[in-house]
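Each of the next two complexes has chain A plus one other chain: chain B in the first, chain C in the second.
On to the complex of A and B.
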């Protein structure tokens, strides 16, 4: 023990190390995105596009003007809402791949409310419609939750299937029961609903398309933070996620909380769908796929949430970043003829790199734990051993 | 019109196309079975299939050689499988999520390459049905079983091979040991990581071929998101089949028959909304999962990265 540093210095060193490793943790996703961009550059080169010019176009498209920034926020809004749900689910150790379907069902239910209550005032209908979106998504997320908790059906598979079912339900409803009566008269019969009354539109920051949904999403991000870390429900969801056996032993109803986690996760995606209809499109229209309506937000929200380290507040800048990629992609397509599928590929790489880099975070966590243990032992030794 | 469905011609047609449609499910799901039996859940099957389908189509379209196309699909699948193995086995990444990453990557890249390198939907002359003298002329069975193309036959031959490898060979024993109790396998000198690299790469190869079976044997086109969820259903079929090749075969057939029936219902103009008909296979998958997971147990180490203790 002679060559050991004095206690104060040991703990100072450990604190320094702990802080440095925490910063490194926060930097990992950034490195993951840089790695994805680097591989993206190689793909661009292989396609015969200059990566510097391409990424320049991407940046300009996303941030080049006030309107571009507003568009970025518009694209970020559904990512954030879906991402908040993903934070809840993944913290509870349930994997929700059903964001696409949950968005669709939420949007359908919200639209139905909007189209049925046309004579009601907007301040009643809009909150009702948002609630309907929330409930619609909750149902679509809750079913896989019940299937997982009580029938042991893998939620990844069931949520994927629920996506496909939701798309077909949307196609059926928009081609039949919910079709715009005006379209019934036309030969074209575009599968879309009637437009919502103007009074039901979410307020916009004219002349941009930036709508109230973005504000709602940010407020809810704080709400989800409070839910997860300041309420018993959130504590239980996280406990079940970290150690279901210990939770069961501690008297937490594990199955119940699995259902709640997926249900809430779906609810936020459903709300994302509702805000898309009431804030951006003002009607529902289908091209036959889910992406046609969601813009893949159900998947990209997962990417954003992972990038934000499954923290609701971290999801805010993360959504902004991935919204920027989506808006920039349009410019990339127009200026350099690089299809926007490039962004889908990048997002895939980001997911792979973020989850892969987790190994270094876990290693550091282990080291931090060991350091804390050392410090505790040193303290015990100094005080003359355990009493 | 409903009665038309039960005429002999239509029934034979439904079964024949059902057998054909089972092909991509079989390749992908048998490949996934190997991975899952060794403890790795690869959710990137759909992405591997899309890249395989594109590679096969593009090579076949430009060279006119279908076998080269098939080879390209297998190579691309192997590379994707290797990448998945590196991420899940070496880097211990959460498999459910990294698989989704590989899915998005495959979806994006195949679409990107399609738009840049082909631009429009083209067609190729895919693998043609093989007529076996004598067998193909049999009254009913001839049309159902013996008038298919080589990749369809290959898929069905793969099932007993997979069964044999998994249950009757040392390799199969190692795969199962690694998936059930990696610690014990490791202490007996089996390299857990090497076995998992092998199975996941093999799964990639078979997923690539599954994609090729769509783009150069069954549909003979490539377009954006050609597989539309088929790869995910293949993963579900592994659960449905209780991680056994025979079970996977049963699931794939059941599934493709329902799909085939659904297509014929539309062809015959039976008044069921087509969207609802298309929905049915997915509903069926969920019901099938509910019914099967109650009676079979998954490999104990499924989706758990292996780490030596100590």
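On to the complex of A and C.
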């Protein structure tokens, strides 16, 4: 039937329309951010601040100087690393909301390595610590993976729960077993570890806070691209994510790859935690919450990944933009003297808009597909159908 | 026929319905191109055409689901507009869809009156409706208990309910969309009796079917569509299966593919007393014994839902057995995972090719390596060798004549026939020792069907042991060396192709023991 279809002119208009919707899809997250900023402007007005000046401050804070750009990249680094993991998980059709906890556990394990091996040379310890972060995150992601694959526990629930466990573990460890001995002596007992030896710090890339982690993250983005589209493992993760039935038929162990997807996803978040400790803070310190350490990168990384259309290369500019928003917003708050809650709300608005725009995009895609199928059904497959 | 222009149901007759110059366009496609069609009271008018010929579109226009871009509909000489299915029903047009539109948890009478106003205002009038249903059922020979629940009914009975539903609403013209697809040959005969009865009483029937012998059996006239255009409307007298097929396809069609003499070889696949459960955990296979030899096609006939799906899944490792043994070339593979069976050169064309055989979002090339992506030459040390995969995909696309813009096209944008070609290409290119083909031509048109049949016979000649699971008796009869019939999870009998007739198979399919056949 296919060669004898009455192919009435597929007009240039149709092609144009198809391209237009593709471009619209790519622009959608940008529009979502703009919409969030617009609502932010209304809030600013209600707070009595001038939105134009405020957003001017935001831009300046993010890009106004070399230092500002470096800060933006520093903020973008954990977003990108977490986002890479999210790309893997979502491609495998598992939702990982546990980035926060995975970052914390990765950071704890990496810190432990750093504090235990103080007499070892940096070029040995730093890679080891990064690996420890990777493994820590993998464990924290792998547990919900196993729960999902073998006990049908919803991974959204379990990863969120694992966040809570990780935070309390961190609070316990930093107040007790891992506490800085100096804090014990001072009796001030600030819950933090001892500082890492200077030799263990990730090298700086410029006379700013910009550190090697950013470089690692970009290289890994390419690595994840290769993993997903050039390796059998990536092929299987995507296959399982798209169609578990057909994957099983193809001889792929579906449950195994569900675990692997979540495990890898967690590993990247764990690495993000490790680079935060070794590249930015040089010790672990807790204010009792996960955000105090992660800066919500475990959640914001999800947004960055969606922003980049779940493509690891797309996640690079997406994380950068999102990092800019975070850094700029701090400047905005200082300049305009608005309550810091505003920044939190702005962040939240962006998350809500980007995530819902993605849901909307998917629905549109489904509708478009359905419309195309209806037309095709009417014209192409009309009488056959499953008998 | 009654003389006052009314049907036995008391509703007015549709003496003549005409569709003139119907044109319907969809973006990029001309689905109906100035099509004329008419049907009269007292006749069965068959509508024939391949997938995409425009039959469904034309009938959806008639049933008010689509509005034509051009053309007009005349009812008893008067021009009418049919704005919606409700409008169509009010004008006496009823449509029986291929898939039943019945609520399983309600009774027959509840389904029949569903959506109709009650004669008692807010209170139901089920007793009156039941009486009326009994009258209609008696008159047309559509035996069904008005108080039975739909889930209790067999497929053939459900179809009767659909017809009663239409008659109850006063349908004078019935559109039947592939009504026989789900019936056994015996049920088809009963169904045809009902159709004849209705026609005799002044109904008009439009009969859509793929099965040419049925069209010849029951119709008075036949209209053939191709590529959205009317090819011919003619009296059924003088039509043969091959003349109709030729009109549909536009070229000569081989109705009975040539089966070369092939020496039957050793047993490659054996099932011994295999038991398995369905998804609902009820027994689906209850002691199946089968042997498939090298170089033979063993057809498995049966009415849908008698364990065919479970059988295919058990053999291919997708479903666990609860008893019995499966032997592949003499070795037990019971309970082995699909990957291992694949490695033993077992190939499978699944029934639901879109859901089970394909990853729709993956490209054609990615789908072609679904079975062997982890092996040489497609990958080495975990890395996919994209160039080799591309070459392989291009080769198969050419060899199996897959119509696709490129190997990078997502599978979901291919037509059903081409998707099946991708599945065939993947499975057959592996040179399988054993092939399980489940409903391999379901939903395909004649051209694609011919193609699939030729490939299966080619495999048979290459010595593959083939289990052909099909609900299409014509297909089973045309291809198989031996035919096994499955009923309620048991093999009712195995016939040699020489002794198999539709009648004998039909009895076995209905569960009549083979000794009494």
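Just so it is clear, the second predicted complex is superposed on the first by the 316 of 387 C-alpha atoms of A that agree within 3 Å, B and C clash if a C-alpha of one lies under 4 Å from a C-alpha of the other, contacts with A are read in each partner's own complex, and residues count from 1 in each chain.
Operating definition for what follows: a residue touches a chain if its C-beta (ideal position, glycine included) is under 8 Å from a C-beta of that chain, and two chains touch if they have at least 3 such contacts.
On a predicted model such as this, the values are computed, not experimentally measured, just so you know.
K.L.:
Return first, second, both or neither, reflecting whether A:250 touches chain B, chain C, both chains, or no partner chain.
P.N.:
In the superposed model, A:250 contacts chain C only, not chain B.
K.L.:
Tell me which partner A:232 touches in the superposition: chain B (first), chain C (second), both or neither.
P.N.:
After superposing on A, A:232 lies in contact with chain C but is clear of chain B.
K.L.:
Name the contact category of A:348: first (chain B only), second (chain C only), both, or neither.
P.N.:
first
K.L.:
Considering only the defined contacts, which chain C positions touch chain A in the complex?
P.N.:
Per the stated touch rule, the residues are 24-31, 33, 49-57, 60, 66, 98, 177-178, 181-182, 208, 210, 226-229, 250, 316, 318, 337-340, 342-343, 348, 350, 355-362, 366, 370-371, 373-374, 379, 382-384, 386, 403, 412, 415-418, 442-445, 447-448, 471-472.
K.L.:
Within their complex, state which residues of chain A touch chain C.
P.N.:
1-10, 14, 229-233, 235-236, 238-239, 242-243, 245-253, 369, 375-387
K.L.:
Which stretch or stretches of chain A touch chain B in the complex?
P.N.:
43, 47, 95, 97, 147, 151-154, 156-158, 160-165, 168-169, 171-172, 175-176, 289, 299, 302-303, 306, 337-339, 341-353, 355-356, 358-359, 362
K.L.:
Which chain B residues qualify as touching chain A in the complex?
P.N.:
Residue positions touching the partner: 43, 47, 83, 87, 91-94, 96-98, 100-109, 111-112, 115-116, 224-225, 229, 232-233, 235-236, 239, 273, 275-276, 278-279, 282-283, 285-286, 289-290, 293-294.
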